[in-house]
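Note sheet for the following structure.
Order as written gives the chain letters A, B, C and D; numbering starts at 1 within each chain.
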Amino acid sequence: MTNRAKVKVGMIGAGRIGKIHADNLLRLPQVEVVAVSDLFAGDELEAWAAERGIGLVVQDSAVLIANPDIDAVFICSSTDTHVPLIEQAAKAGKHIFCEKPVSMAIEQTEKALEAVRAAGVKLQIGFNRRFDHNFKRVREHVQGGTIGEPHIVKITSRDPNPPHPDYIKVSGGIFMDMMIHDFDMARYVSGSEVEEVYAAGGVLINPVFAEHGDVDTAIVTLKFANGALGVIDNSRQAVYGYDQRVEVFGSKGSVAVTNDHPNTAEISTAEGITRDKPLHFFLERYNAAYMEETQLFIDSLLKGTALPVEGNDGLQAERIALAAKLSRELGRPVRLDEMKELMACRS
Amino acid sequence: MTNRAKVKVGMIGAGRIGKIHADNLLRLPQVEVVAVSDLFAGDELEAWAAERGIGLVVQDSAVLIANPDIDAVFICSSTDTHVPLIEQAAKAGKHIFCEKPVSMAIEQTEKALEAVRAAGVKLQIGFNRRFDHNFKRVREHVQGGTIGEPHIVKITSRDPNPPHPDYIKVSGGIFMDMMIHDFDMARYVSGSEVEEVYAAGGVLINPVFAEHGDVDTAIVTLKFANGALGVIDNSRQAVYGYDQRVEVFGSKGSVAVTNDHPNTAEISTAEGITRDKPLHFFLERYNAAYMEETQLFIDSLLKGTALPVEGNDGLQAERIALAAKLSRELGRPVRLDEMKELMACRS
Amino acid sequence: MTNRAKVKVGMIGAGRIGKIHADNLLRLPQVEVVAVSDLFAGDELEAWAAERGIGLVVQDSAVLIANPDIDAVFICSSTDTHVPLIEQAAKAGKHIFCEKPVSMAIEQTEKALEAVRAAGVKLQIGFNRRFDHNFKRVREHVQGGTIGEPHIVKITSRDPNPPHPDYIKVSGGIFMDMMIHDFDMARYVSGSEVEEVYAAGGVLINPVFAEHGDVDTAIVTLKFANGALGVIDNSRQAVYGYDQRVEVFGSKGSVAVTNDHPNTAEISTAEGITRDKPLHFFLERYNAAYMEETQLFIDSLLKGTALPVEGNDGLQAERIALAAKLSRELGRPVRLDEMKELMACRS
Amino acid sequence: MTNRAKVKVGMIGAGRIGKIHADNLLRLPQVEVVAVSDLFAGDELEAWAAERGIGLVVQDSAVLIANPDIDAVFICSSTDTHVPLIEQAAKAGKHIFCEKPVSMAIEQTEKALEAVRAAGVKLQIGFNRRFDHNFKRVREHVQGGTIGEPHIVKITSRDPNPPHPDYIKVSGGIFMDMMIHDFDMARYVSGSEVEEVYAAGGVLINPVFAEHGDVDTAIVTLKFANGALGVIDNSRQAVYGYDQRVEVFGSKGSVAVTNDHPNTAEISTAEGITRDKPLHFFLERYNAAYMEETQLFIDSLLKGTALPVEGNDGLQAERIALAAKLSRELGRPVRLDEMKELMACRS
């Protein structure tokens, strides 16, 4: 908990997601956004910051982290910078909000978490989908016992468009970059840890994925500690828009959520019955969820409430993602408890 | 009740609806269809009857009615023949299934009902929609108290195509020909009698309706004896298909039924989300309902169970239809208890 | 258009709706809320204003209207004050946003509109539902020709709870207080004026409505200038929540919008399939619509864009509401062009 | 093709499914059901047959197969009898309709198919779901190119209740008994062969499944020859009823079908929005599909049209089911082309 009435925040990384977090923070009366750092900071970012009354704009995040005025940082820079930034920020006593994934190597993530623990600061991971109205309702029903013991968890997650080829190269692959959200969702809605995964994938959309050893379409089977089974399907391109659905089936029934649409209009003509496509992409669909995760992080700092997503949640999702990646490469199921050994063999 | 193991039926009128009833009757093991009469009986009808093992084909319905072998007749001829046929059949001791409406003049219908009462035979009116799975479920919920006291009854009923102009001329108008089904539905789902109607109509589809003093689009407001209000909208042409919906709203909630579709397929493409149009027309939508009304009529004859739709149901729906017609002509609401007077003034 | 970079706004009336508008205005960077007046202004309002940086809090709206610093006023006080306030504000050269209805007497509203015209200021009426994502989509499809010529307009509008009995007394009745939104919607989605109405109503929920000559349940039939027919049903109490639906049916098809729900969750258990009730009431359902009407009003002042809802829209909806009221009292349809005469007869 | 005007059919096995087929056959005018055989034939079956005009009732199917009057047999007896009966019937020159699966051993099924080929008779397998209105629509859209190249096939298939413990013992396990329908569906809707499967299963409903080496909940991942991926989930107990859904997602969009419901009624009360559960079980859901598969089999005999489901379809589904069983036992994916080898190792 900060001992000031307002939380002073510094933004590290001012790309699309960093700017979204900044604007959401600016809507909270208990927050002051005092600084922003970005490797490419320049006139444009200066103007953007000026409009919002953000006084300090720097290229070097170290300047920002060293600033004694700042209570908390939002790490929205590229994934490879997350671990060192977390370590530095923790050492400087800053609370941390970090975008997912923490890193693409489990030991690195563990190191970052250790630094956070040692410093006694707070670390929230940006699994924004946990705050979506639909998925929260699924979890409420599972936790509340409506559907009894969970037996089957099904998650569909498809993007409207594949990312730019430049990004694919550095993305960490579909499991670490895209399905990691779904691995977190699987843990969130089931309330159980994943023990084993089997990943099947294909390059069906664009051969560029194959060039980077990646796939664009994947189905992953999960076995949970509580005995439940799960399946996640991902596609990098659903031409009809962002497809985000979850179903949990159990001994007393099921709860299923489908997509959100921009309106409820149903058009009936001689050709058929039509409705508009789902909300386009994550900014539209998870708009309110981004706001809520930020609000709860700030609440945690000011009121001492529990963080809604902790460092360990980031770690566990990364472990599942790596297991999925290994599973596809090995062509066999992989248990999470054999990962260390498998990783050792590879290196 | 007949004292034979099988009910022997004679069909009067072998148009589309007569043939449907015949084929439904032929599927019932307790029924024998022994004769069919039609003004235009000829080679074609002979062949149709032969295929089905119907032994007697005549032009003159009197021959059929005089046949001592016949227990019950299905009157499926044109509306102007209904009343004399009911009278003759009743006098001959035949049970009667008669298509709606009994007649277009209340006194005529009353006369036919009196003949039925005097003869002690059974008369069922062809309000097939009462047997539709959706509308039955509405009624069950209203009767069962799920929605408390009914406050608002809403009925939408739109045909995919207007009838042939030749038929429009003799149809009796939209209220007697088409909305009469909805007037019966209003009584059926509300469990209450209609006391007043106000009808607004327009010729928006085809001027041919205006030539016959008819309208092709109409909205009728109803006041029920139990205080509830109702509204029915009819259109002779819904290009997206047969539109048949009912909603009853009350003190404890509402029950609403929408259309049936040929399948549940939802197609998602870059253009939007699409599904197939509703089941095309009454033959598709009310297929099972036609079967059930026939089954229950036969059950009533064999087992003495109550008729599901009686002569009085035909009479009441006709009274509402005539009141609606008058209302539109007079441009004011019409109470059902002022009809006699109004009709007297007109003649 | 104001010649200042920011629009300075004064709020008149700080009840629930006034506070909503104030908070929405405060989210717009181009707006400064400088003053608030309320008959009951006191410590509580002072605190509310202080939190929001609103410098001036007064009881007398005249002080606010006289303030040369203020460009525009939001009139959110009780309906009986609207006309004098509009006149005073217009005379003082302020642009005006006024909650519906302007007044309950057509001549009064006409007087207010004349004052606005004379002063050359802008007047927007608070028909917030025009900005709802669903209803906008209906209008787009009608305007865009998707459904051809409109034939039937159906509007359902039911509140979750009746208002407090004290309010019922002064509400102006269901047609002026509640259905007025639907009358505006009818004009908005059809793109046509209403020429005749027939209103049926009943007291089915609470006898207190009858005590004030009011009804709690009503169905109104509309005839439009373009030949289309319409029907609106209102209930003061839908126990399952706020029910707001619109359908426009035409020569080439129909467009229908249903309610918004807090989530898409579908629960399947041994008892049946369940989902959550619609968004509770107008604050939840029309949250974004309130924001957008405010934004567009401010845009109009700053950029000279057209007002999305003008004074005449308020006047026309009131004329229809009064016609509906008369229709129910007289028990017959009322044409809008016979209103003056009818009102003259009454007084 | 038979050279008689009517196809004369003998029923082998008069359990539930045999009786359904018999009644469907009796509704076809081109069919005469002349005999029925059942190991437990007795008074009850005699009475059942008499009611339907089926002249011959025997215990020994050989009598029926030897009957020169019979053109075709329906094999509805227990799975272990299918292969010898097919061989005997084929040798006797009878056309054959056989319930799924042909056998639980691929070599046995191949032997039966060879006998059919040698005799030149027709063999249709009872994959009734291919004739379901929803699944046919999925296939039409996939075949018609609506969704482009298929990328992901998802099939959900859950029974309302587990079978009797006695049956579980002899069922052949979830993959051969229940999911075999879904394996056929996967081939049917994708238009591609399955090349590899990975099966995960659990005993979550009733330990009795474990006693027989079986599971009650399973998720199977499929890889198709055309590169697509698939996933099937099965549960022996969905308390909300029979859950039968299919989705095919591809380069141009997706087509998804959900369950059929007994009506479209939506109940809105203070507790929420409710609808009735899906059609209860396979008899309700696939009622029309059973009729259509029978009709098409008879058409094929009389008109020489192609069989809609051939012997090879039975064989392929069995191969996938066995691969799934092996996969679960081995805890790794199994390619269909390594099955022979794997089976050899086991014995």
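Methods note: a residue touches a chain if its C-beta (ideal position, glycine included) is under 8 Å from a C-beta of that chain, and two chains touch if they have at least 3 such contacts.
Everything numeric here is computed off the predicted structure, so don't read it as measured data.
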Which of A-B and A-D has more C-beta contact pairs: A-D
Centroid-based (C-alpha) most distant chain relative to subunit A: B
Separation of mean Cα positions, subunit D and subunit B [Å, integer]: 41
Subunit A and subunit D: spacing of chain centres that average the CA atoms, whole Å: 43
Between subunit B and subunit A, distance of the C-alpha-averaged centres to the nearest whole Å: 59
Interface hub residues of subunit C, defined as touching at least two other chains: 238-240, 243, 252-254, 268-270, 276
Chain-level touch network, classified as line, ring, star, complete or other: complete
In the complex with subunit D, residue positions of subunit B that touch it: 27, 133-134, 136-138, 141, 146-147, 252-260, 262-270, 276
Subunit C partner contacts - residues on subunit D that touch it in the complex: 238-241, 243, 268-270, 272-277
Partner subunit B, residues of subunit C touching it in the complex: 149, 151-152, 154, 156, 158, 198, 200-202, 204-205, 217-219, 221, 223, 227-231, 233, 235, 237-240, 243, 249, 251-254, 331-333
